[in-house]
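So the structure is just underneath, and the comments pick up after that.
Think of it as A, B, C, D, E, F, G, H, I and J in the order they're written, each chain with its own count starting at 1.
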Amino acid sequence: MTTSENDLAGLSQLGRHTVQPDNPETATLEKVPSPHRGRDYVVRFTAPEFTSLCPVTGQPDFAHIVIDYIPDEWIVESKSLKLYLTSFRNHGAFHEDCSVSIATRLVEVLNPKWLRIGAYWYPRGGIPIDVFWQTGNAPEGVWIPAQDVPGYRGRG
Amino acid sequence: MTTSENDLAGLSQLGRHTVQPDNPETATLEKVPSPHRGRDYVVRFTAPEFTSLCPVTGQPDFAHIVIDYIPDEWIVESKSLKLYLTSFRNHGAFHEDCSVSIATRLVEVLNPKWLRIGAYWYPRGGIPIDVFWQTGNAPEGVWIPAQDVPGYRGRG
Amino acid sequence: MTTSENDLAGLSQLGRHTVQPDNPETATLEKVPSPHRGRDYVVRFTAPEFTSLCPVTGQPDFAHIVIDYIPDEWIVESKSLKLYLTSFRNHGAFHEDCSVSIATRLVEVLNPKWLRIGAYWYPRGGIPIDVFWQTGNAPEGVWIPAQDVPGYRGRG
Amino acid sequence: MTTSENDLAGLSQLGRHTVQPDNPETATLEKVPSPHRGRDYVVRFTAPEFTSLCPVTGQPDFAHIVIDYIPDEWIVESKSLKLYLTSFRNHGAFHEDCSVSIATRLVEVLNPKWLRIGAYWYPRGGIPIDVFWQTGNAPEGVWIPAQDVPGYRGRG
Amino acid sequence: MTTSENDLAGLSQLGRHTVQPDNPETATLEKVPSPHRGRDYVVRFTAPEFTSLCPVTGQPDFAHIVIDYIPDEWIVESKSLKLYLTSFRNHGAFHEDCSVSIATRLVEVLNPKWLRIGAYWYPRGGIPIDVFWQTGNAPEGVWIPAQDVPGYRGRG
Amino acid sequence: MTTSENDLAGLSQLGRHTVQPDNPETATLEKVPSPHRGRDYVVRFTAPEFTSLCPVTGQPDFAHIVIDYIPDEWIVESKSLKLYLTSFRNHGAFHEDCSVSIATRLVEVLNPKWLRIGAYWYPRGGIPIDVFWQTGNAPEGVWIPAQDVPGYRGRG
Amino acid sequence: MTTSENDLAGLSQLGRHTVQPDNPETATLEKVPSPHRGRDYVVRFTAPEFTSLCPVTGQPDFAHIVIDYIPDEWIVESKSLKLYLTSFRNHGAFHEDCSVSIATRLVEVLNPKWLRIGAYWYPRGGIPIDVFWQTGNAPEGVWIPAQDVPGYRGRG
Amino acid sequence: MTTSENDLAGLSQLGRHTVQPDNPETATLEKVPSPHRGRDYVVRFTAPEFTSLCPVTGQPDFAHIVIDYIPDEWIVESKSLKLYLTSFRNHGAFHEDCSVSIATRLVEVLNPKWLRIGAYWYPRGGIPIDVFWQTGNAPEGVWIPAQDVPGYRGRG
Amino acid sequence: MTTSENDLAGLSQLGRHTVQPDNPETATLEKVPSPHRGRDYVVRFTAPEFTSLCPVTGQPDFAHIVIDYIPDEWIVESKSLKLYLTSFRNHGAFHEDCSVSIATRLVEVLNPKWLRIGAYWYPRGGIPIDVFWQTGNAPEGVWIPAQDVPGYRGRG
Amino acid sequence: MTTSENDLAGLSQLGRHTVQPDNPETATLEKVPSPHRGRDYVVRFTAPEFTSLCPVTGQPDFAHIVIDYIPDEWIVESKSLKLYLTSFRNHGAFHEDCSVSIATRLVEVLNPKWLRIGAYWYPRGGIPIDVFWQTGNAPEGVWIPAQDVPGYRGRG
């Protein structure tokens, strides 16, 4: 079972002119039917261009974000995911909060069999924070490679 | 039990002049008997020269693909695998769909004890997609090293 | 459940002028409510700027420290963590002792579901010491990536 | 001749609460006297957290930026440099234009003996653009190490 | 002098629906005025998604291509460059020939102060070919970092 | 129990002038008693200088080979292993066949508690083949680090 | 429970002038009470400056050695460990034998809960030998990172 | 001026069944007209699959070889180069001698404007030998990137 | 002319119990005669364990420092250099100032033929500062390798 | 002009049983005629297995040593070089002294057109020393790649 034109009907953003959503609440995450329903495959998105604001100081924060999930009925439409991530640009949130919230939103929209997020934040005060969350153990027999993002090393 | 000349009889592509197949449907995946039947070894193919087309825009997509499998009766003849992968050059398919389809075709032809594919697509919209699928848990006692393809890091 | 302003009330260091604490005893580790209580996520701090003193010779020691933990009710406030780590600057302790003590203090303050520390000390006498400790097995279904700090290689 | 308190007088941003400037025009780049006037040393700033907007589509662009300069009378005050770079967050400019403009502004403010910028933009359409500019040959006898930012490699 | 809307008038491909050109001859390389005329800056394009055909066997070839140039009056419009490079997909040419031809075409269109190309072809027969060409010595006082593409190492 | 002179008696190659064996059949793999019988340690040989011939075309093939084993009574004498591997220089065999055959021969000679081979062949047709085989699950409580040979990445 | 002065009483080498021991038998491995008895932490020593002699030819051998252990009552005093390792400088032993012997001696002195050694020998005859041994499965709930020493790659 | 069919006439090996030459003397290096005569471009061949024999012991030697040259009238036909390099398989020569001889032969056949060879031999006796030779200074205005083959590092 | 015992007479710190100097002014940099006077060799010190204080906030700063020099009559005694660098631990200085001051002091003490310092500071505000200074062009015919300290890359 | 049997006559160590020389004075560096006299090629030896003693404390020192030279009439016989380097095993010398002495000895024996040594010593007191010396500018038109030994980075 592969992706058909029908599967793409009803999408409001893919292949169209779109406006950058102002914040995560107004961003629309869209989905299409998984092309190989019944097969437990993993999809990984790597988003090194993530930025949000510090809720206390208003200063920009940056993160390298990697999302892995196993679709059930749906896969996320990738342009809408990009716009969703972009919508944090003027949004204030703490690192731990922001990272888990992105995953939560994806889980609500996709209802995947499993999902995890790794958020690798740029250092503040010399000490970067990474946040790792998953919905729980993955289903048996699924292959999920390590994200293997290099650790922060300071200098030298 | 090693490979004999008999094992290679009936192959239409190995050691012959061949024409590039136009699309995956017309490509012929060929197989030869596994040289060590009864032994559960893993064969890994690394194909960094994969390209297909976007089914919506017709623009080229690129991927670095790694395939691992445990033969049962058959191993794939490697020249036919190369021609099969090359046949996607003018074929349109979404990343998730295309990746799992390659694995599916190999499973049909080889009926292996186990197979997995890792497809590491070049970024579009700044966010690359990786797809990971396997037929299920590998048989007990087989050694399958990590694919360990470096993650996408953006710049810097 | 995300972080609210209430959660930050009572903090004495975040967003304020602070004095460097003289030693670990006088440093105040502060905490705020975990923004996603009920979710077992991992927080990683990477602190490559750690220094303390050798208790025998008084000479400076250096370490690259990585802390992973799963919050229960609380997360550590990161500025207070930084000040706490800084407070070892004029404190004398052996490598094994110092490394486990940091983790112990964090456990006392946060009462996390799980915590581990990796302390990668700079070589003395040509032989660096690394210390690894965790509170025990992590809860089921939580994702904890490897710390993956490169080993010491000498020269060449 | 080292930095004295006098040198810091008149600074409006260092050690004070500051507001993020809205755009490069309203940002104030400040300077302090070079601490070793008469010595031709090089100062390098590495700013991997740069982001601006595409002037055509309004979509975010990202860059890793490295600036090298040889002070004459002045060095740039680093907090003001950070705020200046941050001020591009909602500013639209093409890659080539934006990169050279940053350098131009620094030259106007500092009137350095020499300055160069390397701007390593994240890929768009699969092809990243890097921009390199310097004010001309550096003065004789000054040591300027290579910036040595890794090239973009796609995947694999 | 920065890029104005006028500079973009007359472009036929940027921001428009475009058809993939069939071959390099029918591809249209477009240009816009250099935003900082009078300044000798370097623009680098890194194109790891290049593919053409072997003129003898018709089999696909792949290359990682890096182009550096110093604009005089014009810079190349990057979408048209992408389409130009894509147009080699069904074009047959030897490695040495193809690499220098791309540079030649760019020189004809842009008449730059200086240009070079590094083409790093994937191995055939176990031995990759790299081709390096430049229009001659670069103008004095321009900074041109090394391309620093890792060499082919085989395995291990 | 360490290695004694008695253990080395009867060796025909170690410390002697030897002739290169012509093919694997005439090569003599020799063994000495394991110095710590009763202890399940792992021995790893890394042989990046392996070459054989393609059985169809007669052209040279190259591989980077890593062998891990847990001795029972015997360890292989390393000079004889080297000569055995060298004996494939003019021997024709397919990748899968050759890799598993080497392991098979070692198992026959040493009768180890466990053995595995990783054979990382240089690319042919742009696609390298790796072969991984082990005799089954290793005994409980033995430490066997990953071989961690970098994957083939093509260019760029 | 941290390290006290009492714990260091009775040490003959730490903080004193010492003579290099001539061979492993005359070297004195000393120990101090574990500072956090009751806690199962791991201590890693990385010793890239190890050298011994070939027992057959008398030629120097070199190794990069990594030791991990979980203390029970005692930790090894690190200066004495260094002197112990140095004592192999004029000692002849085969690779497998020497590696396991070092671990054996440490086990005798420390009686640790668990210990392992990885000995990564420099190549002889083009083929390096690595030896890996541990005392058995580690206690439950202890964190033991991979040693992750890069494999030998030959050249290129 | 690009490559025409005429240019390929008279080649005896390209696109034909060929026999492995027995030794360098019987190997035929063939050439075709340079496709862009008048342009000083550099061609780099990277050959990590080189092997020859030690003239004293008859044991195999291995090298990673990189050749750079600037064609005058001719470029080398790459299949013939491969066969030429393969012809050293059973040929005995010292490292310094063998490396310079390969370059000498290419110079005789191609009469290039400039040529250099870097031969990076695998270690013998723990000490690898590299040999670097060029025909002299390259012509002015030609771009020749560093070969940048990683040095031998031993272990660790 | 090599180092004799006489050369070491008069040293107050080497091979003696020493007290950590409180600040750079009270630290004593000592020197011994250059062992090969008349030969222009380069000595490089790599000091990744440098820390000082911010003169404004009193917070710790960290740097990785590399010093290269060509001795004239004297070389610096390395233990005194270590103690000198350690003496900045409680000393406040700006990055540019501190870096050049260290070099200045060494020049005063050693009067070398040439000296340079590279100071690679840990990021503050997300933007690390590097400082590079040398006394001028090195004497002709001296070999001075690049320091080649990796640039700061943020995350990902 | 290649190496003949005559060239090897008179060698006392190559291909013979040899005794380890006790110290550098008793070691015999041997030479053979350069196989391509009249050609200015560079020979590089990489010796990561160097060890000597500290002349003050008698403790072992370690270094990774790289030697480059351009032969005139003679090349060094590599087995004798290995034995010469091994002869420092029980020899005491300071880093600067020892490094330049090795080069001096080679110059005396070979009278090369040019020679340089890079000695990369393992850290002592947390600060490694590198020593770089060459005989002066190399002859015109000779290609001498960078040694490119990675710098010491401490931890992290």
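Keep this in mind: a contact is a pair of C-beta atoms (placed from the backbone, for glycine too) under 8 Å apart; a residue touches a chain by one contact, two chains touch by 3 or more.
Nothing here was measured: the structure is a model prediction, and the numbers come from that model.
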Tell me which chains count as touching both subunit C and subunit I. A, J
Work out which of A-D, B-I or E-H repeats the contact pattern of C-I, with more than half of the residue-numbered contact pairs in common. A-D
Report, in whole Å, the distance between the mean C-alpha point of subunit H and the mean C-alpha point of subunit I. 45
In whole angstrom, what separates the CA-based centres of subunit G and subunit I? 33
How many Å are there between the centre of subunit C and the centre of subunit E, using C-alpha atoms for each centre? 49
Could you state the distance in Å from the CA-based centre of subunit D to that of subunit E? 28
Provide the list of subunit J residues touching at least two other chains, using ranges where the numbers run on. 48-49, 62, 64, 122-124, 126, 128, 146-154, 156
Pairwise chain contacts under the document criterion: A-B, A-C, A-D, A-I, A-J, B-D, B-E, B-F, B-I, C-G, C-H, C-I, C-J, D-E, D-F, D-I, E-F, E-G, E-H, F-G, F-H, G-H, G-J, H-J, I-J
Which part of subunit A faces subunit I closely enough to touch in the complex? 48, 62-64, 120-124, 126, 128, 149-150, 152, 154-156
Touching subunit E in the complex, subunit B uses residues 20, 48-49, 51, 58-60, 62, 86, 89, 122
Can you list the residues on subunit C that touch subunit A in the complex? 2-3, 8, 14-15, 34-36, 39-49, 64, 66, 71, 75, 78-79, 81-82, 85, 140-149
Of all residues in subunit B, those that touch subunit A in their complex: 55-57, 93-94, 96-97, 99-101, 104, 116, 118, 123-134, 136-137, 146-154
Taking the complex as given, what residues does subunit J use to touch subunit A? 151, 153-154, 156
